[in-house]
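Order as written gives the chain letters A, B, C and D; numbering starts at 1 within each chain.
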């Protein structure tokens, strides 16, 4: 039996009271006191009890808690003294793309390592921007995996970030006539990179790096940030270099598996020099995701690069353009351009920016990515609220800079464990045994525009509102 | 229920002066209902006292606890440990509650934090009125359910005095004349005849004048 | 119209108020301490918002969910203006923004509470036909009917029945009186009183309900002619006799909310009763695998149907699948295997517990799947030989009609029935002790919150209210039977497919930003 | 007591009376440390919270509530006002001076009055001096 890859999870409760979604408002004057039916005592989730304990132990008032919204206190209070509002803090949590719901789910996963499960049906909009306008397929009857639960651990999520020869050739004695390039395999199609904000103290970084080392993935990191504490983990670090500065980091490069070079025209000239520092070095080129992305891909794919890493903005959109497209469409374009030129298999495509939920990983891969890199999610896993106070030099409400790296590592591992299980859920439903099979498998997905045209077109005619 | 009102804070401060560790003990029944001694009031008083002592640079430690009912053994037990840990108990219960604590805890000083006002009801949110004097011999049946002993300023049993004006009492003009209420209500009930009969002078022996009262239920004593 | 119109006898609507002391209203009314207890408000309000019992000196706290709100201002009984002490204040209830979601906004839920309470359409101005999801049913409208088409018929004269056996295979002609039947909710997933109450409802309305996967509790036996037995991948609680006693058996391949993922009943939920029902061991986790381990092809599938038909020679077979890209191919496969009913469950459907990632992302919404399957079956020339049933995200009476016009014969309803029982979609069905509102739970303290009578009558009431909406639309289009509506997608428009001036003629799609 | 000091102020506000992110600049420029507590409705400002704010060292406590008649819960701001009055009395009794606590009816974005309200407090505080119980 093949060895099963598994991400160890363990409970890692939050250090700070997470921002709850609801606040119960209480009109105490309407209650003349000692009701034997008091709903506070009967709360199924013991929320009032906890809240009182909370209140009496706090120097400062804390009136917000995580209510599970069954509304029973509101509906059963004999005096009707309760009402409920959405916690004002919750409203301001995150932004349009990184919304409060994503925070809650990420916190939950980082806390428990479990995948978010709930009752009732889907609660969100019919369709949304970007990844929210595609659905993944499932196979109704015939499936190669054994079954949904027991077969799942055999689904393979590993990917490669090393280039492949276009074809093999053999000598007359059937021995290989070429030397195949070395292979870099990651057990998970997810890499880590650092967000553009946050208190990235040694502790914070160490949490991320330890987690990467434990689950066997890589962290993209500015080499200036690599201090002695991180040296034992160099194997899991990918220094982000420029053609101007890499020479001064040769000692680091010599100990890394992979490096990333910032794109500029003619960057391929540096590859050989880099490999002179370390033979078999895997090289990725970091490219901002712009409308020129696919041209650059085609150009670089001919070179000795292993991976192209495209950076979208934090919401997964193109940079430097008036009308930015979303990752979903750009990945597809780049992927197809390489396919059309019969060179897609040679290199690997890595995308980052806006990967906020497990489903984004599958969907990015369906669009044609080999892997994705995540950033903000790593901090959110460590309780970050993305309040960006740190950008103004203000204190962090969850003291991210002081995080214990073992604890931070556990939170990130929990998140990744939960994400991987969700990736498996989707793969399992599709009947796929390998995440590599998913790459560019658009046929195993359903896109909003296609579904509308195919099923509504014959009934309603032509869409007058261009998508949404 | 028993209606009470918190004592002026200055008086409370004075009474707890000799002690450094105080338990403020609330009562979750009557005095909670009149916003004088429930959890919330305990918390407010504790906070105010801490502030007051800190302002004067005095040391004080304050514990907070509210039991369901201070006048009942079962509930007092819950407080035993906290009472033992403190120098004194500031009880926010009615006089009965304060004494119940004093009876159970022989060596702990108990201080009252509440003035027990009367037996009454909440008429409207925030308005409490006295309804019963505990006179020991209930005559409400005669008076249509309105007590002249409690609610008539002069405690008249045989009809109103001559001072009733527009349904208001001459002693306290913002108070309804109890006799006006009695007569109006008896009219509605068709029992106006009730007040034709002469009510003899009230026997006050079952009331407070007879010394401390005691109620013995033989059937409950084993 | 001739005299041959048969009148339908409908069950009686019985006022069945909320189980909870305080109801939730769109509006909130506060009575402050200026109130002099004159009771004028109680005399004035025809909706029963204010109550002042005889002999009681002051009005009770207002019954907020009955208040019709600001539009009452025009009436001479508007309590806010008439109160002599100016003691009343009317506001939109701020709690509304904390309830509901894009698919089931607060107003749709409150309206269903009201329907389930009264058996009639709500008097309060609530939007109950459209959700806020910004697509699918929420953007589809019926065209304005030609006034000449209108037919004058009583509700009792309109036929809303659906024939479930169209094959002509000499098996029973089961006909249900409304175009809806109840979705599978297993023993253990809901309170037993809810399960039995739903069966009683099915009997009263002459429709069906379904056991779900988890066995056939004997309490259901009195209603056995109205109970579908589900055969799902775990085969839990499936016995020869449960198949012998049922009018319809349902082969569940997948559930719309979690397509392609099996089920998993946690060990702690496998109580003595559940274990006995499922013929398993107490306390050990139960997996419903995916897919049927004995079905890897249409031929395997046919074998199963034949097996069922052999065990019970009057049973009809339903095949329940979710909605992948090739759902049309699966449909035709099911037809050739001998299914009477092909049941597609869309991806936005309900569940007791499913990974959020599955609920949102796997398989297509039902709005696409219905025309896809319907048109394919038509093209194959077999559409009139199989009954097409849709489910998964069908929330209200208009959704039912839209689904039928898109090509379904009828629908299966799950969530809406629970909403009638005052589910508020808090989504915690499985967590902790289960449903805090006593619906989807077997916790001994919580599950006694619902009774069979309550369940039965609330759902009957809701369907009676729905039926009024169905009849009114059918009348508009001059249809005497709901069967005439099947596949009439020409009567539908989609707002996004209209020019702007044309679109303005229809009610716009609600597009409110929500915090969910 | 009249030495210059940087006052610590705790500000409770109802979200309909004040928007921290919009009006933050006003606060930032004042010569004081302001700690803010956001409330969904001003009726959530219980008396004990006001006292606890003083206990944790505030020199003054301000409550911003929405204009009268505009509370979404009808009476929330009136309740807040009454509680503030009650706590003011209590503060006077324990000798902490009720002037340290004040309440203002404001609407979102009314920056002139927000600024004025804080200035009033700061002026008062120059007379009152630091919280003697901090």
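By our rule, contacts are C-beta pairs under 8 Å (C-beta built on N, C-alpha and C of every residue); 3 or more make two chains touch, one makes a residue touch a chain.
No experiment lies behind these values; they were computed from the predicted model shown.
Q: If you tally the C-beta contacts for A-C and for C-D, which one comes out higher?
A: Greater number of contacting C-beta pairs: A-C.
Q: When the centre of a chain is set as the mean of its C-alpha atoms, what distance in Å lies between chain A and chain C?
A: Using C-alpha averages as centres, the distance is 36 Å.
Q: Find the geometric centre of each of chain C and chain D from their Cα atoms only, then give the gap between the two centres in Å, rounded to an integer.
A: Once rounded, the distance between the two centres reads 50 Å.
Q: Centre to centre, by mean C-alpha position, how many angstrom separate chain B and chain C?
A: 55
Q: Averaged over CA atoms, how far is the centre of chain A from the centre of chain D? Could you give it in whole Å?
A: 42
Q: Can you tell me which residues of chain D touch two or more of the remaining chains?
A: In chain D, the residues touching two or more other chains are 46, 48, 52, 55, 73, 75.
Q: Got the chain C residues that touch at least 2 other chains?
A: Only 94 qualify.
Q: For chain A, jot down the residues that touch at least 2 other chains.
A: Counting only residues that touch two or more other chains, chain A contributes 28-29, 83, 85-86.
Q: Pick one for the touching-chains graph, please: line, ring, star, complete, other.
A: complete
Q: Along chain C, where are the residues that touch chain A in the complex?
A: Within the complex, chain C touches chain A at residues 18, 20-24, 61, 93-95, 97-99, 101-104, 132-136, 138, 253-254, 257, 259-262, 264, 287, 289-293, 295-298, 301, 321-322, 324-327, 330, 347-365, 367-369, 371-372, 375, 392-393, 406, 415, 423-433, 435-437, 440, 446, 489-490, 492-500, 503, 515-516.
Q: Note which residues of chain A are touching chain C in the complex, please.
A: For this pair, the touching residues of chain A are 21-22, 44-45, 68-72, 74-78, 80, 83-86, 90-91, 100-101, 105, 115-127, 135-143, 147-150, 357-359, 362-363, 422, 425-426, 428-431, 443-444, 446, 451-452, 454-456, 458-465, 468.
Q: Where on chain A is chain D touching in the complex?
A: Interface residues on chain A, with respect to chain D: 23, 25-29, 55, 58-61, 63, 83, 85-89, 92.
Q: Given the complex with chain A, which residues does chain B contribute to the contact?
A: 28-30, 32-35, 38-40, 43, 64, 122, 125-126
Q: Per the contact definition, I'd like the list of chain D residues that touch chain C in the complex.
A: 72-75
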